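Listed after this line are the structures, all set down as structure tokens.
You will see two complexes here that share subunit A, one where it goes with subunit B and one where it goes with subunit C.
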Partner chain A sequence: MQNQKVRKLYTIQSGLKKMNKPKVGIYGLTGCAGCQLSIIFNEDEILDLISLIDLRAFPFIKEKNYDEEFDLVFMEGLVASANDLEVLKKVRSKTKILVALGACAHTGCIPAYRKWTLKENYEHLLYKKDDIIKDEDPSPIENHVKVDFTIPGCPPDKHEILTFIKDVLKGKTPKTYNNPVCVECRRNNNDCLLIVGKPCMGPITAGGCHSICINGGFECWGCRGPSGDANYDAWIEILREQGHDDEFIKTRMKIFAGLKMEEDAFKILK
Partner chain B sequence: MTHTINLNHITKIEGHASLHVKIKNNKLTECKLSSIEGSRYFEGLLKDKHYFEAHEISSRICGICSCAHTVAATTAMEHALGIQVSHQSMELKKLLTLAERIRSHAAHLYFLALPDYLGYESALAMVKKYKTEIKRALKLMKLGNLMVSVIGGRDMHPVSATVGGFLKIPTKEQLNELAEELEKLKPDAIETAKLFGSLKQQDFHNDCEYFSIYDEKEYGMIDGAIMSQKIRFPNYDYLKFMNEYQNEYSTANFVSRDDKSFMVGAISRFNNSFDLLSDDTKKVIKESGIKFPNNNPFINNFCQAAEMIHAFDHSIKICRELVPKFEKPIVPKLKACRGVAAIEVPRGILVHDYTLNDKGIITHANIITPTAYNLKNMEDSVRNFIPTVLHLKNEEKINIEIEKLIRSYDPCFSCSTHFLKVKWDRT
Partner chain C sequence: MDEFFYQIQKTDLSKFLNNIIQKNELYAPIKTDAIRFEKIESPEKIYLDTNADFPLKEFFFRDREKLFSFDKNKIKVEIEKPSKTRVFFGVRRCDLNAVKHQDFIFMEKHKDPYYSAQREDAILIGYHCKTAPSKYCFCGSMDLGDHYDLMFWEDESHYFVHVGTKKGENLINSSKELFSKTNIKLNEEHKKIDFTNRLKKKDISKLQDNPDWKKGVDKCISCAACTTLCPTCYCHEIKDEVTLSDLQKGERLREWSSCQLKSFTKVAGNHVFRENREERFKHRIYHQLQYFKERYNIEMCVGCGRCITHCPTEIDFVEIINEMKEK
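Moving on, here comes the complex of A and B:
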């Protein structure tokens, strides 16, 4: 069950063929543009990279965008409005490999926490809207269309995006990382934040991020979604011992990737 | 006869927005600028969270200004809880803010604004002829990112800043390396300002109030009064002086003062705090021949470019002078309280306002982003600008000029609420 969830990161069925100048699109649904920026933030490699692909659409930085057909599309953001859904479905229908880029596309990220937010908390922010901007239930893109590959993280590791594109160009199957954050964190010689009383989600979260937040002194909030073999019960017990109440623990588990956790994960919480 | 032009996707802005224009007998009858970004309800999501969670959540409002939201949220919480952070923490917060100003301006100026002026569809299309310029943009962005990584722990959605201080302190060696890198690339910032100072601009005047954070000792940073050429008030009084309202055609709120729109951003900072700019910045401005105060919104691009020189100078000063020492973030005593932070971020004033209960839980959150402040003014500007370009027969040319105007505000529609769609309706 858990393993299935991790394997879901990768569904390219028939293997990849080496691609010569693939037609690429980079789109953003509702989100913060941080994942799209993370592609550009490969400052030393971006120009070489662009020369190896046929960048057909990238509305964030391009005026002329062609959306007839794509070999590869990176989709940032979650579905939160009718417009998102329309764009997502249209692009999917023209795309061979659709990549969910980043946490919003993968898990719904923070905006999907609306699902567990009392309506009275945001009622004052609701107002009469034109149809195009009508709300949809906040949801990851795989809830609506088939996703071929996921690059997780809020934002993803920018080098991971680069490696993915290189792999696709070479016809190599991109690797996914299934170990929890703790594996890389130990290798980076960080002091364990759980031991010093911080509610670190490292043990139950998929790594591949080089434990970047913990390297910076900050506990993991689980942005890459649950790791394959997460022992939720043991982790919850540690947080309780730290003095955190169940409400707090539940919120932490749900804030970045709640929609990716099975109900079982929450069963021992009150 | 009704003439309608739909220009879908005014691209090259941060986020999705649309513009609807109606023209009757060569007269503009309707002009609506709206954000069509999906709603995320950040203020609602922040309610019921702990005071120490707000900055991590609110940084996700925006990728290009994640440092801004982190710094604003932690500062507002510190004000609420009566925490006076150390000089070191304040200087590190300023470095985060300055680093973001460098990378955000570089990204906006070269990738979103410049292609319009040089007649290209994108910066990528410019690479053949303008490789030096594009490489310069990438160098500047890389430097900004390096600074954010060193101070904030990672280059997007930084993690090391927290309420009461920093979780990880950079070493003196790291700060020295940043200073060296900044000194090495300062000529690139100067070249950027010279380039944008040399671009031919539309002669257009936007008669409105220009608001920025003012502090008599330091050019627009963290905290200070909110001021324009007409008024100055304490930042926590922002609601008394500014009115936030909603429009059904937009998912972003509009803000006005006395029913009139106003502008925030680099041009406002120049108009109000010109004397506080560094000498090298003033020198380049003088050479450009552009005068301040200035009320041409197109000039905002030049202001951003020139402001980068100041950001370099200020950053170098901090990196050279700060001798980092180990210190832990200050732990607050919880009480029912409210705190407001108003800070200068790349696109203008950002306000975070939190009310906490005695357990440190957020009971109310209000966030006003620069694009929300500017939205009404952008709309007004477009309305006033269109009659000046209607004589141009070629509608595509008109559209480009309007897009240039909108992009000169450097709007960020993720923040405020992505495809900017211009809908022409000509009768």
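Moving on, here comes the complex of A and C:
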């Protein structure tokens, strides 16, 4: 059995103080803005939410944004350009609790896939002309700054975002869901897609998503990153028995959480 | 109860079930992508060729149960009851015993009002296996009893029916014209199910350190399919959910949990009691076969084999135990 490392998804341990109208900022780096949308998708709760927080910056939907100290910042996206890094460092220096919101911020997600392709394959697609965007190695935000909490997922579950905010407001230590996707999946009475022969990543992926993909008959692609104690050896063996070659398995892992899984899992693959 | 069988023509079964549907809700195994107990409106779709993939557990010990709502220091308990009597048809001997074990935990050992509310009025109609429906069945190795309101045995042209309780007798009486009394008595031969004595009973208390456990542990992906699909596992966690409009208002919920998860034994201060997979893997099996028996004098496991059939890596703990050599 491989040596399991304890993965910490948060550094908020205890001593969190109850917050009254915290100053909140919601920012995006390289990403599709879908995670920021997940916050807004709480249509029925949004008015209550606005009365409980002081939303100081949300450039995605707000015209007027205040550039100042924050109690709480949700940061979407990964670091893929020099500008991303600059914004991230600046915001971090002014923020008490920094939350990585969504898969790009957490794992690097799809935009980080280019790490495994040759630069000459995509170089011509970069904005070379006026040099405004300077390319950086794609990486999750925790590689550059301290992240206090992570809300994973592509996109994150909108209720999970609210639960986190409620916990912060109450001064309660937020809980990270670290069990594999299978736990909720079986509870939802789904037939196991691995047994059916599909290359489902459920057993090695952290749940909390209510197994939404598998409920719809679609296998898990690992968007919430590795679960608390993924047994990669056993999972890879299942996929090999299904007839998938190591190249396929590796590619599948790279798509949503490659940067988080490569260290422990890729050494098992040829 | 009377030890003589009733009998009913096979062609009359749907009449009997339709009579049940008139006044009650009928649940029976239905096959789609998997076999599940579902509420049915007509008996034609019932699937009895093999056991259901999912046990009855969720109908009585619900996977997510509201315990009470709270508002500051005030709590309000509202216990939901099913609106109609629920009749379950086609329940196998293993699953009937599993319900009995859960009744023991939630109704005898502890008085759990939530479980009782779901369970009390329910009527269980069994369907007896002739031979093991799955190659992983091992109910014949376990100590099972007769726990049913009615039990059906299939024969060529008719079913033999045995009455287990007053509730069951009432059901027969309400369709009296379909049933006739026989002079055949229920005996031990009827209760035998072929190819189910797979587990060789041995004292596993001395085998805690046996290296053979590793055969299972290395393949375990800690997905908790075994405990979730187990008809007897009852472990759960409790959590609060507050409303956003008033953070002092909310609900306390009970949700299924699993000893196979690291988070299950995590306590304040981030200490985890069963940190590694081997301890968790063994704990489930020892609880099922040893600890529960030591405490309550019955084995918890009923030998339905779901924890093996539905394990993505097909860890057959029965085989592992059978092959273990006692020192």
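Some notes on this structure:
By definition in this document, the second predicted complex is superposed on the first by the 250 of 270 C-alpha atoms of A that agree within 3 Å, B and C clash if a C-alpha of one lies under 4 Å from a C-alpha of the other, contacts with A are read in each partner's own complex, and residues count from 1 in each chain.
Going forward, a residue touches a chain if its C-beta (ideal position, glycine included) is under 8 Å from a C-beta of that chain, and two chains touch if they have at least 3 such contacts.
Predicted, not measured: the structure shown is a model, and the values here were computed from it.
Room for both subunit B and subunit C is found when the two structures are superposed via subunit A, with no clash between them.
Residue contacts after overlaying the shared chain place A:K170 against subunit C, while subunit B stays out of touching range.
Look at A:E43: by the touch rule set out above, it reaches subunit B but stays clear of subunit C. Once the two complexes are laid over each other on the shared chain, residue contacts for A:V183 go to subunit C alone; subunit B is not touched.
In the superposed model, A:D191 lies in contact with subunit C only, and not with subunit B.
If you stand at the C-alpha centre of subunit A, subunit B and subunit C are 110 degrees apart, rounded to the nearest 10. Counted by residues of subunit A touched, the larger count belongs to B, out of subunit B and subunit C. Residue contacts after overlaying the shared chain place A:C109 against subunit B, while subunit C stays out of touching range. Nearest C-alpha atoms belonging to subunit B and subunit C sit 11 Å apart in the superposition, given in whole angstrom. Judged by the document's definition of touching, no subunit A residue lies at the interface with subunit B and also at the interface with subunit C. Every residue of subunit A that touches subunit C in the complex is listed here, in rising order: 1, 4, 13, 45, 48-49, 52, 162-163, 165-166, 169-170, 178-180, 182-183, 186-187, 189, 191-192, 194-195, 202-204, 227-231, 233-235, 237-238. Contacts from subunit C toward subunit A in the complex involve residues 33-34, 36, 53-54, 58, 63, 217-225, 228-229, 241-242, 244-245, 247, 256, 258, 261-263, 270, 276-277, 310, 312-313. Note for the complex: subunit B touches subunit A at residues 9, 11-12, 14-16, 36-45, 47-50, 56-57, 60-64, 66, 107, 111-112, 115, 121-124, 127, 134-135, 138-139, 141-142, 145, 152-160, 162, 166-168, 246, 248-251, 414, 418-419.
Subunit A meets subunit B in the complex at residues 28-38, 40-41, 43-44, 46-47, 50, 55, 58-65, 77-81, 83-84, 109-111, 113-114, 117-118, 121-123, 125, 127-130, 132-133, 135-136, 138, 154-155, 158, 212-213, 215-218, 221, 248, 251, 255.
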